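Each of the two complexes below includes subunit A, the first together with subunit B, the second together with subunit C.
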Partner chain A sequence: MEFRIDFYFRIIMDLNYYFISFAFFEIIYLHTNMLGGWSHEQAIIFIAGNLLMDSIVMSVFANNMWWFPLFVNKGDLDHYLTKPVSTLFFISLRDFSANSFVNFIMALSVFIWAIANYSIPLTWWQILVYFLLIINGAILYYIFNMIFYFPVFWTGSPRGFGNLYWILIHSIERPDRIYRGWVRKLFTTLLPFSIMVSFPARLILEEFSFEVLMHILLVTLISWPVYLFVWSRGLRAYSSASS
Partner chain B sequence: MKSLRWPMTVISMEVRKILAYRSDFWVNQVGLIIFQVILSYSLWFAIFEFNGVEKMGGYDLTNFIHYYLTAVLVAKAMLGEDIGFLSREIYDGTLNRFIVYPVSIFQYKHITYLVYSLFNNCQLFAIFLFNYFYLHPTPLSEIPWSSYLLGVFASLLSSSLFFMMGCILESIAFWADYIWSLMVLLRMTTNFLGGTLIPLTFYPEWAQEVLKFTPFPYIVTFPIKVFMNDFDSIYYLKNCAIICVWYFIFYLIFRLVWRKGQLKYTGVGI
Partner chain C sequence: MIEVKEISKEFKVSVKEPGLKGSIKSLFKREYIIKHALKKVNLHVKEGEILGLIGSNGAGKTTLVKILSGIIHASSGSAKVLGIDPWSRDNNLRSQMALIMGQKAQVWWDLPALDSFLLLQEIYQIPQSVYKKNIAFLADSLGVKDQLKTQVRKLSLGERMKVELMAALLHNPKVVYLDEPTIGLDLTAQKAIRHFLLAYQKEFKPAMILTSHYMDDIEKLCKRIVIMREGSVVYNGSLSEVRSQYAPEKIINVNLKQDEWSFEDVSTFAKKLGTITSFEEGVLRIKVNRDEVAKSCQLALENLPVQDLNIESADIGDLVEKIMLKGKQ
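The block that comes next holds the complex of A and B.
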């Protein structure tokens, strides 16, 4: 609560994001009955899942990821490299965002409300699987956001390819079935944004598919070593002095 | 001529800053344009396909590509410089240096902001040229040059309005410890209510009527319509006039906030 005004501003900002997310789909569903194979009420569960994942990312990772490229750009990473803990662990989790945690509670409430209002009753294990896969989605979000920031080791710029990530991340907010051809392949493999929320939503909104579950787990398992590999290569390129 | 020297110096300095990290710049710029259009196209393609129609709200899929391509660049032009263009000076205590500058901070920041806007308009021009010479004929290549030039002017005008709104929020830095979230809030709201995410013609009638009394459609939809050659001279002049009125209103608010804020300024940073 050191920066109280900012604390409240951020809550308002996140609420605005939630409102826009729902309003966007409300407008879309004024012009169609189905989107990516989902009805309006199914889309609400999907949006609620997306907001929940976003609030987890904002609470746990977002602040830390924001500072990372600046640490590299200014040479401040040295300070963390000398600590007797894993540098990556430390810079990724050192700052917990309390205001976003307030939003996490709100997102969780929206999530519960969406599930409670769904016309087809869901079993507890379906909800649990969805929730766990959303947490998995949040981890994937973090991994790929960092991978987009890692180029700062080579370019020395203050933001890396972070701005591009902010555009790509909008693909999470849409059902995966709207993507076709190579775009679909891209968003389900190399840049697995559709895996983060849309695939988990499919598991509870449609007939349970073991193949979809395996796809999510496989992509997560492959992403982790790739992330560590790029980090280690980046560290080798790190020049320490301010860029 | 002497009075033009300082803006030219500022422009050249800012362009060098924009291009300082070239690989970042090109990856972010090109990627942003391509993916933004792909995401929007995918969404509308799915809607068109499900409904079995070829046109909705006056747009077919080609119009949608054109719309979103223009929307991305208009929105980028509107956003201008990064968040913190004014508040950073307040937090760092570097407002002091403007005491010795030969121009006011407002003029200086306005010029730098418009440099970013103009730069993004140049990108639209590059796409326009590429399309005109290599992909002819497409709806984009049928747009007359006059529309493009009027579009650039409309875009700079709307960027100035957004800059003014941003200035008010950035000035809150005199009192608040961090205003980043307020600026993000303004950006999100403008994108949504301005028509960057969905063309405003898809909004319910009542919402369209209400939005006319806000500055948002004039910031985004107006320049897009001009770039798409979907306007007449009365519409153009009317919208320019409305932007000027909004600009003046926000300028007065900004002056008030800035004067009050200066009394709180310590000059040592926080």
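The block that comes next holds the complex of A and C.
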């Protein structure tokens, strides 16, 4: 909030992204009634969930993740390593993006509006599960984004793999059923983009599936130690930078 | 407090030919060299001591500091800081340690320093009363009371360094690493920081390691120095010993009264005292053995038309350079 123009500009920029997300699906639904097994109003709930997750990531993690590979490349991680707190916690949450939080409020409003206008009434626990799994999706988004950034410890390159993640992550914006074969397997296991929002949406928009819920939780539980392991190996390889 | 035993560190560094051809070639076949940044380094620092770590660029000073602060791992050897292995990144150790790097900022660039300090208060769990007392002491000693509410990026380099020092010392660390804390500062700011560091050392008695290329920093702050060359320690001892060991002579500067002497007579007499290094415009410089200084001065005063006289010690920078270069040729 130190830079006012930047603050407002970023809010407008994110709103623009929200507008395009809705417009994209509106155009598709001009030509079809169903997409990935979902009707227009169901797709709206999915998009609202996606925007909500995006606003959480943008508020809490995005700025920090953006800086992380640069910290490693330039040796700025040094100071974080000397502080008596978890370095990973510190570098992941050091910068809270206030402007994105404004967008979070807007995304939450859209989310409530989408659910309130859904023709099939949802129970409070369905909404709660969806909301909690969206937060879980935001954490998964962060974990895998960081895993894509960790190679910087060995390659020294501040971007590279991170840019690849930004290309792949667009797959979360589509319902999981549009993916088939090995791509589907990939997006639900090793690169679990489809389970960040699309799977949670399926839990409330379709018949509740315990299997889907377990799938989401299992992937999250396995991802966490993998993420910590790669981080610790990365730190061992960290060579700082000349000063 | 700080014990270093046989620490070595090697880096694998890629090398490539300059230009486009070299870049394309390195895409397919990259060549690496092993750089020995530290070679079996031993040293210790006691409570309340400031150890000066000196060496030319690439000598391994910063690498050693980074190893001791737990930032990077050593390739071999062991180290204990406050009895704890620094690479364990133990929070107990990290809460009693501070690292100040003249070329890297730790306070938030876009925020006023006080906001960064509040975060550090939380990180180090500093009680409010201690926090207030330390802020007052540090801001007063460093003379930056009026700058703490200004965005850090708007401060001058000297003010920024003072704010960095405040941030690093807020929690009263028992071990302090200072990596070129006065780099790029003007003489007034350098002097202020030296004064502050001495006052801080007197008050809190931490073990300090100071690396600097400014010999004034070393002379004013350190009683003991370690000189490094190409990753090895080439000297570890007191600063005064450097002078007695590497500069067994002093220079006596004699200003002669105008027109009361002849060049030949003065030269003939001065040669009896020591070696004449220069004799121009009535100023005679004689190099004499340290033990003979008093006697030579007395003889000069008795036998020459002296207007004034002073004794000059060898420049510590020259001596350190001499040690650093010794055995290199």
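In this section, the second predicted complex is superposed on the first by the 240 of 243 C-alpha atoms of A that agree within 3 Å, B and C clash if a C-alpha of one lies under 4 Å from a C-alpha of the other, contacts with A are read in each partner's own complex, and residues count from 1 in each chain.
Definition applied: a residue touches a chain if its C-beta (ideal position, glycine included) is under 8 Å from a C-beta of that chain, and two chains touch if they have at least 3 such contacts.
Values in this document were obtained by computation on a predicted structure and should not be read as measured data.
Considered on the superposed subunit A, subunit B and subunit C are sterically compatible, since they fit side by side.
Comparing subunit C and subunit B on the residues of subunit A they touch gives the larger count to B. In the superposition on chain A, contact of A:9 is made with subunit B only, not with subunit C. Look at A:174: by the touch rule set out above, it reaches subunit B but stays clear of subunit C. In the superposition on chain A, contact is made by A:84 with subunit C only, not with subunit B.
In the superposition on chain A, contact of A:238 is made with subunit C only, not with subunit B.
Of the two partner chains, neither subunit B nor subunit C is touched by A:211.
Residue contacts after overlaying the shared chain place A:75 against subunit C, while subunit B stays out of touching range.
Least inter-chain distance for subunit B and subunit C in the combined superposition, rounded to the nearest angstrom, is 6, based on C-alpha atoms.
Overlap of the subunit B and subunit C contact sets on subunit A: residues 3.
For subunit C in complex with subunit A, the touching residues are 11, 62, 66, 69-73, 89, 91-92, 94-95, 97-99, 101, 103-104, 106, 110-111, 123-124, 151, 179-180.
Taken in their complex, subunit A has these residues touching subunit C: 2-3, 75-79, 81-85, 87, 90, 236, 238-240, 242-243. If you check the complex, the residues on subunit A that touch subunit B are 3-6, 9-10, 12-13, 16-17, 20, 23-24, 27-28, 30-36, 151, 155-161, 163-164, 167-168, 170-171, 174, 177-180, 183. On the subunit B side of its complex with subunit A, the touching residues are 20-21, 23-24, 27-28, 31-32, 35-36, 38-39, 42-43, 45-47, 50-51, 56-57, 175-182, 184-185, 188-189, 192, 197-198, 202-204.
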